[in-house]
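For clarity, chains are labelled A, B and C in written order, and residue numbers in each chain start from 1.
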Amino acid sequence: MLHVITTDIFDRERLDDLCHLTTVTRRIAREPDGLRFLQQLLPVRRAMLYFTQPSTRTFLSMNNACHILGVRTSEIRNPDVSSEFKGETFEDSIRTFAAYVDMIIMRTPQPGYAARAADLMDDMDRRVPVINAGSGKDQHPTQALLDIYTLERSFRDSGGIEGKTIAMMGDLKRGRTVRSLCRLLRHYKDIHIVFIAAPGFEMEPDILAYLDDHEISYEQSDRLDDYLTSLDAIYVTRMQTEHDTSGESARVDLSGYSIGQSQIDRMKPDAVILHPLPRGAEIHPEIDDDPRAAYWRQERNGLWIRVALIASVLEASEQILSAQAKFL
Amino acid sequence: MLHVITTDIFDRERLDDLCHLTTVTRRIAREPDGLRFLQQLLPVRRAMLYFTQPSTRTFLSMNNACHILGVRTSEIRNPDVSSEFKGETFEDSIRTFAAYVDMIIMRTPQPGYAARAADLMDDMDRRVPVINAGSGKDQHPTQALLDIYTLERSFRDSGGIEGKTIAMMGDLKRGRTVRSLCRLLRHYKDIHIVFIAAPGFEMEPDILAYLDDHEISYEQSDRLDDYLTSLDAIYVTRMQTEHDTSGESARVDLSGYSIGQSQIDRMKPDAVILHPLPRGAEIHPEIDDDPRAAYWRQERNGLWIRVALIASVLEASEQILSAQAKFL
Amino acid sequence: MLHVITTDIFDRERLDDLCHLTTVTRRIAREPDGLRFLQQLLPVRRAMLYFTQPSTRTFLSMNNACHILGVRTSEIRNPDVSSEFKGETFEDSIRTFAAYVDMIIMRTPQPGYAARAADLMDDMDRRVPVINAGSGKDQHPTQALLDIYTLERSFRDSGGIEGKTIAMMGDLKRGRTVRSLCRLLRHYKDIHIVFIAAPGFEMEPDILAYLDDHEISYEQSDRLDDYLTSLDAIYVTRMQTEHDTSGESARVDLSGYSIGQSQIDRMKPDAVILHPLPRGAEIHPEIDDDPRAAYWRQERNGLWIRVALIASVLEASEQILSAQAKFL
């Protein structure tokens, strides 16, 4: 694996490997000398965090994932960075980063830029890996990976992800995390997906066609109440108000698409609630302490799966796996 | 000690302990291998510097204090950070930071936010310490601690802080550093405080009542000249013009509330002049080289007391104290 | 060497020493344990990158040069930083930085500021070195040094820089890199310089007088075609449009002052093309893969000469030179 641009490079085996590496890594990190071991893995590596689309959460998890492995970081977090480059092309900018660092982690408002950066690298002598931390509206692979990892961990004592009924609720039309999650779920058998959205915010036809093509069972509804008792997991997302053209988000009555105490009371005792965060009113803080509320664990999983991913990309995964006997 | 939110947690014993730890730390840092020892103390710890109120000086001292101990840092220094969080609550943002780092150092324009962050942590499984680097107009505990440390060091050959006459001059009404210093001085016996301010800029009644309650002797004046020969220390502050409502700072004749060569010439040979910096016209650069001008030493003390404080919060102080025999 | 403010401190011996140190450093960095050795050189040193004039490229190369040597960095990259300092003088700001770090790397839009900072340091007890990373329109010494290093490496198998014919083309009137390069070329014998510029963009008289004074041969032309076959090197620069007063750059027909496939085809097989980057239309990407296109190597040379320079300033160069036997 050189670059991580889309989730397409992950088949089931790679997903399982990455989840395993993540779990091993965090177990090592819990041992007294484990964090020191991890930090000695890549102390001479340097990463560039090129975030022309601001995202404090993704930035922080990537930056700290680097720091856990000893990787030094340089950052650009300025949406106006183009002006700094005095008209330089995107390709020349990326090539410049590659001259100074060993890895580029990038997030842009434009779609396809991470892929362009990766393609450029593949033509060069000094190739450095590119990790996509969000590129336009469609791709955000590390989010999808941490979602899979969270489901996998949540169901580790109940047979794994296969065979589960998983709802996705909220702004399905415009949220990219649910789209990526649908694609990755094709690697797990006998999944049933329930899309729950207010009228006008339903999942787009391209994803439904994708599910049909891969023979993944799904149904659509605008009524959460009908499903609460039967779900194994629900993935809740916020309204993407920043993409509103005429305030359409504000016209939705969110009460039918939210989870609070009265909803969670009806859910299975081992169901899990995920959310990519940040959240709006769709998840009430009153359920935060319920063990089924998995979103804060999910956020922390995001840190560790990024540690594992960076370790893979910079070829330190074997060292981690070999070391586990010493620590565990 | 988990959090450092106000100076209230510091009684005399804790102040003495912290000052001692600071002095030991900087002595170790002077030895050839001392800085390497310090940097090996906390190499796997990660801190978040969350500065929604910009302050280059406090930021730099905190960041470098972390670096001296090997702590890796991530930073937010953007006053508009709320927009990045897409409407997320303050509590959710803090909980997110806590998912990624081991310590939160924060500075906000709003009062009380550091306390809210600390309260939130105390309800969580994964508690990370919070250090207040300035929270609204009232609290800036690390500044007060470095002021005490500077006084303590200045008087270490003349019996310590107790029994000294200490003036505070400038914008006493709106400066938070003098307020915090007054509170901490209650831990030292037989202090006499002289408040020197232009009319309209006098110390607020709540602090005067506080001094009365704790039987601390003080007087108020608008004439610096009357006191110059009798002071052991003077703590000078700038006009807080950013809090002006109608340009009131500009109407003050600062010449009567400034220190230059003619003022310092009348002061005791072992008196000391402090200032939290940045300074305006109230301290003339012509006295910078006078040994009584303590403000540049005070700034550097600020670096080292923050090193000691972070070491305490992250539980490395015992290691520092045990190591001193090896280095000194 | 304490500070690096202008290229005036570099005579031929120092240039040769720095180039040699750079080459040794990058050779060490290629060995398995070499990067670890370099990173252990200065782990307890801290640098301040004070960039009130944004420059992502120079910032990144300086930051990563620090990281290669283990130096920790703090940064200010805000052009409005003065407001953060609440009216503080430049001198007080610099003195504050010096309280917290061991080296100041600075870039300002105003000329002379790096020199002022260095002068201030020389009056202080706690002197920290200052490296000029661009100060106004005139001085950018590390760029000039990396240009010399690139020429030196390019000609290492053909007798070095001496005796070569070197063209400089583009916005000679307003580009500072060509001015600095002219000054440094005085240390090499029998150089012949060809200035190629559109009318109105010719090299300024002060540099021509400087070359006359030092008996350096040069000629001026507005026709690139006449020289292509005879040049050993051409240093191309972009139009400095940000300094336009009435859109004068846009009125130049750049086709006569650009290098593409048809130009490079006429050049000597061992000629080299340099450019300080970022580039505009004056160098066509179609020649990027030609071995004579040296500008991407030049950029990477910029990283390594900064590593060598920082190692010199922080007194680690002897350790590097002594270690080469172990690694090479």
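By our rule, a residue touches a chain if its C-beta (ideal position, glycine included) is under 8 Å from a C-beta of that chain, and two chains touch if they have at least 3 such contacts.
Remember, predicted model here, so these are calculated numbers, not experimental data.
Chemist: Using the touch definition from the top, what's the fewest steps needed to get from chain B to chain C?
Modeler: 1
Chemist: Is it true that over half of the residue numbers where chain A touches chain B are used by both copies, so same, or is it different?
Modeler: different
Chemist: Between chain A and chain B, what's the gap in Å when you average each chain's C-alpha atoms?
Modeler: The computed centroid separation for chain A versus chain B comes out at 41 Å.
Chemist: Give me the residue numbers in chain C that touch at least two other chains, ranges are fine.
Modeler: If we look for residues of chain C contacting two or more partner chains, we find none.
Chemist: Can you check the complex and tell me which residues of chain B touch chain C?
Modeler: It comes out as residues 35-36, 38-39, 54-57, 59-61, 63-64, 67-68, 238, 241-242, 277-280, 285, 296, 299-300, 303.
Chemist: Name, in rising order, each residue of chain A that touches chain C in their complex.
Modeler: Answer in residue numbers: 43-44, 46, 48, 72, 74, 76, 81, 84-88, 91-93, 95-97, 99-101, 126.
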